[in-house]
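Report on one structure; see the data block that follows.
Chain lettering (A, B, C, D and E) follows the sequence in which the chains are written, and residue indices restart at 1 in each chain.
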Amino acid sequence: MSQLIWNGLFVGSFYALVALGYSMVYGIIKLLNFAHGDIYMLGAFAGFAMLTMAGALATSAGFLALLVVLLIAMLATGTAGLILERVAYRPLRSAPRLSVLITAVGASFALEYGMRLVAGPNPEVYPVRLEGTTVHLLGARVTVQQLALVVIAVLLMLGLQWLIMGTGTGRAMRAIAQDPKASLYMGINVNAVIARTFFIGSALAGAAGVMAGAYYGKIDFLMGFIIGLKAFTAAVIGGIGNIKGAMLGGLVLGMLEAFGTAWLGGEWRDVFAFSFLILFLTLRPTGLLGERVTERV
Amino acid sequence: MAGVADAPGTLSAGPLLDVQDLHLDFGGIKAVDGLSFSAHDGDILSVIGPNGAGKTSAFNCITGFYKPTGGKVLVEGNDITGARPSAIAARGVSRTFQNLRLFGELTVLDNVRAGMHMRMKQNAFDALLHTPRFRRSERQATEEANHWLDFVGLRGDRGGPARNLPYGEQRRVEIARALALGPRLLLLDEPAAGLNHGEKLELLDLLRRISALGTALVLIEHDMGLVMQVSRRIVVLNFGKQIADGTPEEVRRNPAVLEAYLGKDEESHADETEVPHD
Amino acid sequence: MTWNRKKAPTSADTPRARVLNRLLGERRLGWIGLAVALLAPFVDASNYSLSVLTSAALFVMLAVGLNIVVGYCGLLDLGYAAFFAIGAYVSGVLATTYGWSLLATVPVVLAAAVLAGVIIGGPTLRLRSDYLAIVTLGFGEIIRITANNLDITGGPSGIYGIPGLELFGLDLSSPVAFYYAVVVIVALAVVGAARLGRSRMGRAWRFIREDEDAAEAMGIHTYKLKLAAYIAGAVWGGLAGILFGAQLSAISPQSFTFLWSALILLAVVLGGMGSTPGVVLGAVFVSVLPELLRDAADYRFFVFGVLLIVVMIFRPQGLWPSQASERTPARRPEVQKEDAWQA
Amino acid sequence: MTESSTGRALQIDGLDVYYGRVHALRELSIHVDEGEIVALLGNNGAGKTTTLASVSGVVPARSGRIQAFGTDVTTAKPWEIVGAGVVHVPEGRRIFSRLTIHENLQLGGYLVKDEKVVDQRIEEVYERLPRLAERRTQQGGTLSGGEQQMLAVGRALVAGPRLLMLDEPSMGLAPLIVAQIMDLVQRINESGTSVLLVEQNARAALRIAHRAYVVENGEITLEGPAKELAADSRVIDAYLGA
Amino acid sequence: GGGLLSSGEEGGGSDEPIVLGMITPLSGSSAAIGPYMQNGAQLAIDEINADGGIDGRELELVVEDGACDPRTATAAANKLVTDGIDISIGGYCSGATLPTLPIFEKAGVPMIIPAANSTELVEQGLSNVFLINGTGTQQADAAVEYMTGQNATRVALVDDNTSYSTDIAERTAELLEEGSGPEVVLHESVTAGESDYSANVNAVVQSDPDFVYWTGYYQEGGLLVRQLRQAGYTGPIMVADGSVDQQLVEIAGPENAEGVFATMTQTPDTIPGAEDWIADYREKFDAEPGPYSTQSYDAVRVAAEAVREAGSTDTEDVIAALEGIDGLELFSGPLKFTEEHTLSSGGFLILSVQDGKFALEDALD
């Protein structure tokens, strides 16, 4: 039981990290950024490249080296996010909302198969492994590394939460989300803020990518696809555009999967998770934390 | 014209619209707080009051966009409290919105056809097979739409998207759309807002012609000149309650109204629409 | 930088596009399209091109169906493949396990599609579009995974040995015959969808898309109409499913993944939401391009992705956007004046 | 960008603006002296909003020149213009409906570095417009039409404008509130802020304005001291009514 | 090519090359396999052409991407047919291969399927379909035989929900239920393409097995082995042929993979004297051979043999010749097709990971 919960939480925190970026980007320009999962993949490969180059010393330095790599990878994916936004999304600012969906799917294909061209179709194996000394917490097998990863994830999320709700930038983001033109009148450099949003979101996804690579050990050019979908799901469960919600959604989804597998078996896991999601949404149409307003008429 | 034909003439027992002790709270705020008034066939009733008095909220309750937290709304004696907007519209209650709600991307004609939705006699099969019935109803709809656009005096292009029309014109289209429903009761939320002097005169005339069709009018308006000119009766709201209800003359003199709304000094009257007396 | 939530003047407003649209009214355009489709095999009737063309035609049918939901009614559906799957499986199972002829399965498929539309639409259509999106996505996955886990659906390897199409005794299973059959059916489907779009119901759908409150105020029961759009979409998808089974003779869950739903949506948006010629164009583009890129080998999907981006950047509204314009007989201005001033 | 302190808050010379093929402004030239209230009158579609929008850098100028406080801002970005102290209260309020009243006001001070200054200005706004104070935590979108208008003006004040551009602030306001808003504007002006006031409601505008322009089809057709225009028969016929 | 009106006849002149077509995943989640199979086939073709081809006719290879997606594969099959191939030597994913069968059958193209091995492939009893990879049934036989031999008592089966994988798992389950030997304590499925299988692993551990059989591919297999070990499962693990790849060891980590068993047909590593084959392969493509390089290599040789026997590429003759083949030496042993056109001798062995490499554990004979 407690093992299930822990498994759920752990997987969930990965979903949450990716979901955050999804939710931010969605919140601000209403874009289902299908390429977001591939940014996660990019992060994993960036980390992989660095670690293989660093080679022996990284392996010896272990966790610390990994932290450094993590930060660099975040920079890299963040920048990738900026470029993506500049090239594929900004030109369509004034186009109907769904048009951007197309460029997002396009970007997703381009990133996946671009990476396949660079790194080949074979999965790669991470040079650094977070082999964990196992401790037992309330009956659950937990490795120190898992704890560390969860802590990092949570810290990143809290930081983000503060940024969005507590700072001017965050307020600007929310303002743009509602009325970009009016935001201009406030003196907000809309493009700059949106770019910043992409940077942060992508950096987080990149971080998740490196962590996944280091923890699970295997990465491949399609690894971003499924988690992208799950992140989207998580973001919605939580109430899309809502940061706390995205975190919560990620964790909830992780749990749903853990219990779905335990109760119905792996082959029915997703049916369980999605049916739950559908029922839940019909009862609570704006997700866990999505705000409900009586729109004025 | 179908529209005119459908427009009500028959007198019914009791008031056309009867609002009884209406309440609407939002958390702490009592947007509407025990409002009661009624409108009869052929009425031109104005609802005035300070900003935030609850006028639009009252409209939204009557037309089903908000669920009142208390009280009743009757249309021709039928309780329609909390029914869905479309059901209420089906009872011949039509409205415009305080800030324009046109179908911006659609043509002006389509916007007006929206009003005819309920009355058009065609189903999916007619549409798929283009039966004579289909062609007939489409032709009728177009004729009627044009009729209403003529009626409100639209000058701009009817074939293009509504969003391309200047503001004043868009207001006309919204009224035409509401008329196309063939309503017995028409609720207008600040129809004169953003119109200039000339346009207000045209509006005044338009309101009279609508009334002449036998449609009862209830309008929210801040332009006292217009209100005083056109209204048979005026209901004054403040903090969700009515503080006065009477003829323009009574209301104009009512101290409470002067206090709450008009302001005592003539200063604030200065921007009313004045109409050449003829 | 223009910041119009309300779209900037669409490219369809440009004089060129105007002229184009005047010249080729949707109807004449349809005939041209049909003619092209019918003549294609005379250029190249190889099995390969026929199968690509057939797939393209089916894709057109799917896109047109989804266009009813997304383009007309503005409901974002990320699980459209589900209806497609339901059609394919229902007819597939009946045809293989119970030996029905495909034609005979049509009514059952219709019933199933409608039912599915109601089941998923019923509870969820009240949701805001983003939430609807995820719900539909979930529905799509549920259908696929269920098909993958059940035995009547043949589990992961699906159903094989589905008979070819046979209408009233004449056998249409040869690639050419089947292609022509499909073209005719799809043509009807396209016209049907377009006609619905131009009818009272179609307008109501657009009103809902533009402004749900205003639509309600006009007496439009938005919920019922959304459901109607959903069901219509489901029907188109289901019928396409039958043909799909007939074409491949074998269907399996891999054919109904989320990627598929995404690609269909892609076709709709790429072509121009709500615009029949656009959507047809988009569908052909999305289904044929990857085949054309086969020789690019490793670069195939990379190029595909890049092309998608490029196309959208140059045609933000889609390849052939729908534009609001009606030919209106010149009206006598003085009439308006009178109307406006007479008391 | 060189500060040449002419006493001009705003100087527009020969401004041409197009929307696609619509020629919205033709050779339009106006100016606002520092400390002035200037009214811009005109019918629907005359080009009033477009004028403000192009000053704000939201709509690009095809030709012509715009200077704010002696600095050429013809091609400046919207945020640079706000930075220069030119603040625009847009037509139709455009308040942020999902944000609270308070957050809306805070956004007004987005470019103001010092949080304390912002808070203090917000308090001033609450004093001037108590209705907002009552609702500080309510979502903007739930305000009544008029309340939203007040919020929009209040929000602009938090930016600490040197030139305030108001687009039809009286729209949808009760007579009493119109009067209030107008003296608010007047008081703002007395405390040293120049004002460019776009109005349909010519009476209200002319009452507080020092000078006024009349735009028709994107061209200035009349200009002069407010008092004179208020007496001008053409203005009376077209905008005031006998 | 050729339109309806033009006669699309390609004459079968005796000097023109014999065209072999291969559908294999070059994109999608199994993209890694494509090159292995392509190279394997190419190697055989070059060898045969080097010593004069078949009665003077050269062999030629056409490869199309099937992406493990039925639709893509169907298009690919049609393309190959249109390109006028004489024999198909492709097919990796059963799910994607199934819909191509009728296409090749209609076009009279014999299929020698090197990898795909779901039993459904032959259940339709199409005359043109031959499998040279052991079928799920045969693999299940081998698996059960070995488990029983290891006197396992409680077996947990894990598949990945693909047709190949469930096929083996289900048939293994059947056999175990019939037999008196080990019982099935759990039949679990994972979703391919994910990283975290802790939930599934948890289920496995809960069921307290003393033998785990994974019937999917190496990507997930590697993760699963690792996560099983981390979860404290110490008992024996066996994987199916789809998982036999060096990558499995690397993904799982050598320490975890050590001792993992596998049901597999013959591979160069398990065949004495195949070193030079591997050498040739390395030298030619400077890459290591991978899964199904050998089967693809053999598929070409079988095709060549059949044509040589038939003396033409005529469908009927080739099929007859294939059915006639007896004792042609393949990596998987001497070839003779059964009635259903599958390997008569399943040719499945048990491998195990020994100091980080799959090596022969038990030949099962």
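Annotations for the structure displayed:
Note that contacts are C-beta pairs under 8 Å (C-beta built on N, C-alpha and C of every residue); 3 or more make two chains touch, one makes a residue touch a chain.
In this text, all values refer to a predicted model and were calculated from it rather than measured experimentally.
Counting hops only between chains that touch, chain D reaches chain E in a minimum of 2. Common partners of chain A and chain E, by the touch rule above, are C. Taking B-C and C-E together, the chain pair joined by more C-beta contacts is B-C. The chain with its C-alpha centre at the largest distance from the centre of chain A is B. The distance from the centre of chain C to the centre of chain D, each centre being the mean of the chain's C-alpha atoms, comes to 48 Å. Separating the centre of chain B from that of chain E, both taken as means of CA atoms, is a distance of 74 Å.
Between chain A and chain C, the centres computed from C-alpha atoms are 31 Å apart.
Inter-chain centre distance (chain A to chain D, centres taken as mean C-alpha positions): 43 Å. In chain A, the residues that reach two or more other chains under the touch definition are 113, 116, 179, 181, 184, 267, 270, 294-297.
Within chain E, residues 26-27, 161 each touch two or more of the remaining chains. Residue positions 26, 56, 65, 97, 101 of chain B are each in touch with at least two other chains. On the chain D side of its complex with chain A, the touching residues are 56, 58, 77-79, 81-83, 87-90, 94-99, 103, 106-108, 110-111, 139, 141-142, 155, 159.
The residues of chain E lying in touch with chain C in their complex are 1-5, 8, 26-27, 64-65, 68-71, 74-75, 78-79, 81-83, 94-96, 98-99, 101-103, 107, 118, 120, 124, 161-163, 165-167. Residues 1-5, 7-8, 70, 76, 123-124, 126-128, 130-131, 133-135, 137-139, 141-142, 145-146, 148-149, 213, 258, 262, 265-266, 269-270, 273, 298-302, 304-309, 311-313, 316-318 of chain C are the ones that touch chain A when the two sit in their complex.
Residues of chain B touching chain C in their complex: 63-65, 84-87, 89-90, 94-95, 97, 101-107, 109-110, 113-115, 117-118, 120, 122, 124, 126-128, 130, 134, 137, 141, 146, 150-155, 157-161, 163-164, 177, 181, 202, 205-206, 208-209.
On the chain E side of its complex with chain A, the touching residues are 26-29, 31-32, 34-35, 161, 187-191, 193-196, 198-200, 202-203, 206, 219, 222-223, 226, 230-232, 247, 250-251, 253.
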